[in-house]
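Just passing along the structure, written as structure tokens.
Order as written gives the chain letters A, B, C and D; numbering starts at 1 within each chain.
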């Protein structure tokens, strides 16, 4: 069979196809030329699968959707505290193009233009490699292909960037930036002119959905803490002036761009990207918003829908050995607090006898630090009860840091090998 | 062994024990009498397990923590649209006791006092059963025990409720309420005087964490959509004037009360309740906030941490039968969009042969509508490929509504029985 | 002949008679009964002449026009500093019925309801004589006849005073007031229910125009400093939410009442009162505003029109005596800084000869302290030049305080008597 | 004798000499070099007399004190309506350097920088004569001497004008300005760099105090309506963020400049200018504010002090002729509404007999249109009563427009000549 997921996406797309309302961005001459009928949707899973439909190979400029990634790169470069000293994290309750300095004279968040321009100034740069070029390389890494600048859109925006120039000079005068405002604003406009397809965006958001790891390459591009920060800011500041409305009705951390793109991330689940050029009065793609609303309501994709995963942590428990006194726990999924709590409750029921207990981590995809701590604390207590305990980690899910102090308990062989050895030894 | 979870909670509690900053609520005489050293913490899982430590049997008044539940009861009584016509969902960016009417002259959200008083007026009531009494009964159902009003605190608050009276009259004058302001405000104060322990709160929040079902009784007390709405509003409006700060640093939808309680919910994972009477300048329990920060950072409890659950959907796949042409898929956990997508990808790999495919839902704890739709769409396609397909739902996870039109495909027997029958028939 | 001033007023009235726009105040049932066609205008000069036309004997409730007078009475009772600690003087930029507390938690000014309710609480009161009654007596003194409360309007307003009740409780909660909010709000509503005609208002405003002295009785009812304070506050806070608009287009410190009255004061010149019940969206009488605009533009009545009075200070200068060496300066009008400066310049030209100089103050209507100081300084210098100088003050324009230290220079006889004596002596 | 006015000013100056608080403007490098001890005060009367003391020949840059004059020149060039379509008249309640666009997206008033920059763009300009040069010429005419630009201050400010650049670009983006922001902002900075002394400012303000006529030359430089508009805006928007505070305590329409100057105007009375470089937190000269406060309280210079001038309108009334049936009214001062009303009351008492009445306008300094209208209406009514009436206007106080239709009644000879003729004829 063929999975119906593409058909679902196609169905959602078609349902929004008739919505002719909205208008092309008119303040940037080049964007006013866009074909208003274009429509595309892509969805990525956290293992890197990408579904897409519609005009999914059409390139458009990333515009404000570059903001969360620029914020991520700034955080990666300078650390959270340094960035927080320049840009806040509060919703501004104002339109995206307001200056919105808070009482501390800092831009309220990195999703409004003042915060995004400030964030651009925080990007790495060298004499020969500009801030925008650094970001382009980072986005290319996220997307898994080499992205390019759109020189026409850039040239078009630079000429009419009065508001951003105004914001740049304001940031300079209040001391948020020391750089030449004109240079930073132009760099920011270049950042916005990077060309992407919905597939690129889906790939990029899959990294955020996957906690910072590019699922195709397995390479960690961002720390979990940075991803958390970026998604949090997208949630409260990314869409609309009205954070509460978006959270209640859609519930997907998202960011839109004035060229017509919207991208969203449901952590641990999916990345989503849509494209349709006509905008509503907030500057968000009309059809894009509608698609997100449908995905949320039809597909149950909502941050507050939760995903109870505790009960699936135990793949199976069985006894082996002649006396059935070797107990094997095969674990599965991720080991965070809630799963660990459940595991420990299972272990709690283990009869107080001199059993040999094997905890097999082979099928875990991720162990958080708290999971590792709780796991080894459980092991310690089982041993105190008189059990013999072994942790099998053939895939190396545990990090060196997490194992520290418990090395002797961990076997890096597969369960089968280990059991075979064990049999032999016996 | 004994699970170390209580010890973890005790450890967190101790770490915050030395924090002597903050001050008792002084505007309510009765609260100013509280013992500032009291400290308690409780944590509930979505299956109803409750861990608690410290002064966990001490009763205190629920105060503003009643607001999310009153909102839930109003939503349950009148429906979302009727409630939205009276109270908004946007963060106010102002202190809890501001009047904060939006441009539409409606209270900005149900977590600030103007919204909470309006919400109180929306509660069900009869001549003989007041709004506050209706809420008390609802909270008792959530908590799993009969809660009581604190008459002393009520009497104390009524005398000094100048601000709430002011708000009540303002709501009357702008037409948000038609009722007598004095009566509604007094009822609201009574609502706030319901006595709870951290264990009660943990039980109550476990219902929210569990999507509206009381885990102990299995009774659905709230629709999923209402829970989503309540948690969304708690996230953006529940704590601090600064939603962005709380989301980035703690990331747990929460609500505090002026008596010193804070409760939080991580959907699909845990409910949390703390108590310590000394308050910071925002009116939140000082130690309570510290405990939440620690739980978030130490335990990785954060909304944006995601919980990848797709890959655990498939418990096992195996072939049986003489020709090994009966393929059994045992599923596990919940079937939402992401899990269904993963399942469909597994099914996609099923060789195009005339196999009999059995999908065993017995170990699923929940099937969302989207999951059911995707499941039956997969079944349909497998059949089109020439497979024979049977869905085994011995626990009745599928609702009648979800099965509709596919009744002939579903077997309500256990897998074993079914296979036995199957063998026999063969 | 008959002065055409009444005809001018009649003309202005007729010109506005056709304006049918606006609506009766609808939030106070009793006011909604008013006859919308009523129209009246009165104008008073600072010597107490009152012109009036239209329905000038019709009584209506004073409403918010009581605010400046209540402010004046509070200032008179407690002094400026005590009142400033309770109510500010800044325009609020908001509608009259907003709560508008400034950053210092005080009502922004005494013309908005929060400030007016606070001001009411500052009025004198005894067990047997309420605040409202004290104000009624004061207003009666200003109007020159015994005014009465309108019990029907009072009863009607008390029932629907939700907003004022809200404001009263808010003032209580922020600590601006310690009194029972309900009692103060009811007292304030009673204050607003005092009945006046446009003639009464014209008489009352003539006291303000005349620097605090009732022109008919010559009795000082308010200190000049209080009048200055009250008029300043009327100028920036009295009309519209838009002080700049009113100042540029009308330029007359004014206050309106919701029953349809508007009163204005041009200091040193005129008091004005109009009545017409239909209100615009700001709550100001539609025709009343139009009349004020016409009076300002047609009659040049505008605060910034200035009134050059320096050059009229010298009524005449002449020499008498055989050798023509007795020089008489007859002064006229008021002696403030600018007139004194001009007088001193005249005296400066006095040839340095042993003349006898007589300064006749008989026709001065007022000498400010600065005028007296400058006068005696001029006298001193003339004497240093060798002149003999006498000040004739037959009407006692100089106060005892102003004369202090210069008694020997001042003659309280009339110029004629003095000159006669002088002749005799010679 | 010598007039003591200079001594009074010197006295005020000395009293403020010890005030060492405040700080030099630090955001413009060149201004930070100023000598903080400099102190000067000048006062002008409406007939052009200028008193000055302290460092009264020291030149400093006019800075924001150029704003009211630029506003006046824009009004003169384009008319009130055209200017109101670009800049409002409301106090902003914000610091001078805020952007402060109102709901209509227009700068709130011409005294804040956004409004002043917009106003600069409205100044006349030609290819060869810039806006700043046009203003320099206008200011020179007001001051009565050729003023110059300070090239050093200009060069210094241009380099650091980040805030004004920000404002300029914002005005461009909202469409208030179509011009190149950089060019307009630079022109505005040049406007601010015009050098003046306190004597210059006193001369300039004497034109405003005198209703638009340069008292030395007698040339009308501004219409009365423009002067009224400019002074109104200075009153509500000129000083502090707090219009109410300045109006109640000082009561003089004023404007300050960041170089340390403050100028004020009391219409019909005086112009005032002070200079002292140290500024308070509002950007106003510390000693300058103190001097204004003293001038207001010590000298009674306050807009609300009014100046009753009605009663001085009649210089004298006497009968001549054999039968004493020729009645002469010698008038004096200005003839506005209040003076005309008084005159008409005098005429009202004229016995209904066939007298010849002569109204001598020779000593009037000004007749407003309303005064002329009321005068001729009085004449008409006297004639209807049977009187013979003649208006003597030897100085041509009446304008041609005002006389229109009444030419035959007006004699342009002096009273003496006329009476002589009259005698002869008789």
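The criterion applied here is as follows: a residue touches a chain if its C-beta (ideal position, glycine included) is under 8 Å from a C-beta of that chain, and two chains touch if they have at least 3 such contacts.
If you want to know which protein each chain is, UniProt gives these names: A, B, C, D = Glutaminase.
Treat the numbers as computed from the prediction; the structure is a model and nothing was measured.
Common neighbours of subunit B (Glutaminase) and subunit C (Glutaminase), by the contact definition above: there are none.
The distance from the centre of subunit A (Glutaminase) to the centre of subunit D (Glutaminase), with each centre set as the mean of the Cα atoms, comes to 64 Å.
Annotation: 24 Å between the Cα-based centres of subunit A (Glutaminase) and subunit B (Glutaminase). Averaging C-alpha coordinates per chain places the centre of subunit A (Glutaminase) 68 Å away from that of subunit C (Glutaminase).
The residues of subunit A (Glutaminase) never reach two or more other chains; the list is empty.
Those chain pairs judged to touch are A-B, A-D, B-C, C-D. The touching residues of subunit C (Glutaminase), counted against subunit D (Glutaminase) in their complex, run 1-5, 8, 45-47, 49, 88-91, 93, 109, 209-211, 224, 227-229, 231-233, 235-237, 242-245, 247-248, 251, 253, 266-270, 298-312, 315, 332-334, 336-338, 341-342, 344-345, 347-348, 350, 365-366, 368-371, 374, 377-378, 381-382, 384-385. Residues 99, 162-163, 165-170, 172-173, 181 of subunit D (Glutaminase) are the ones touching subunit A (Glutaminase) in the complex.
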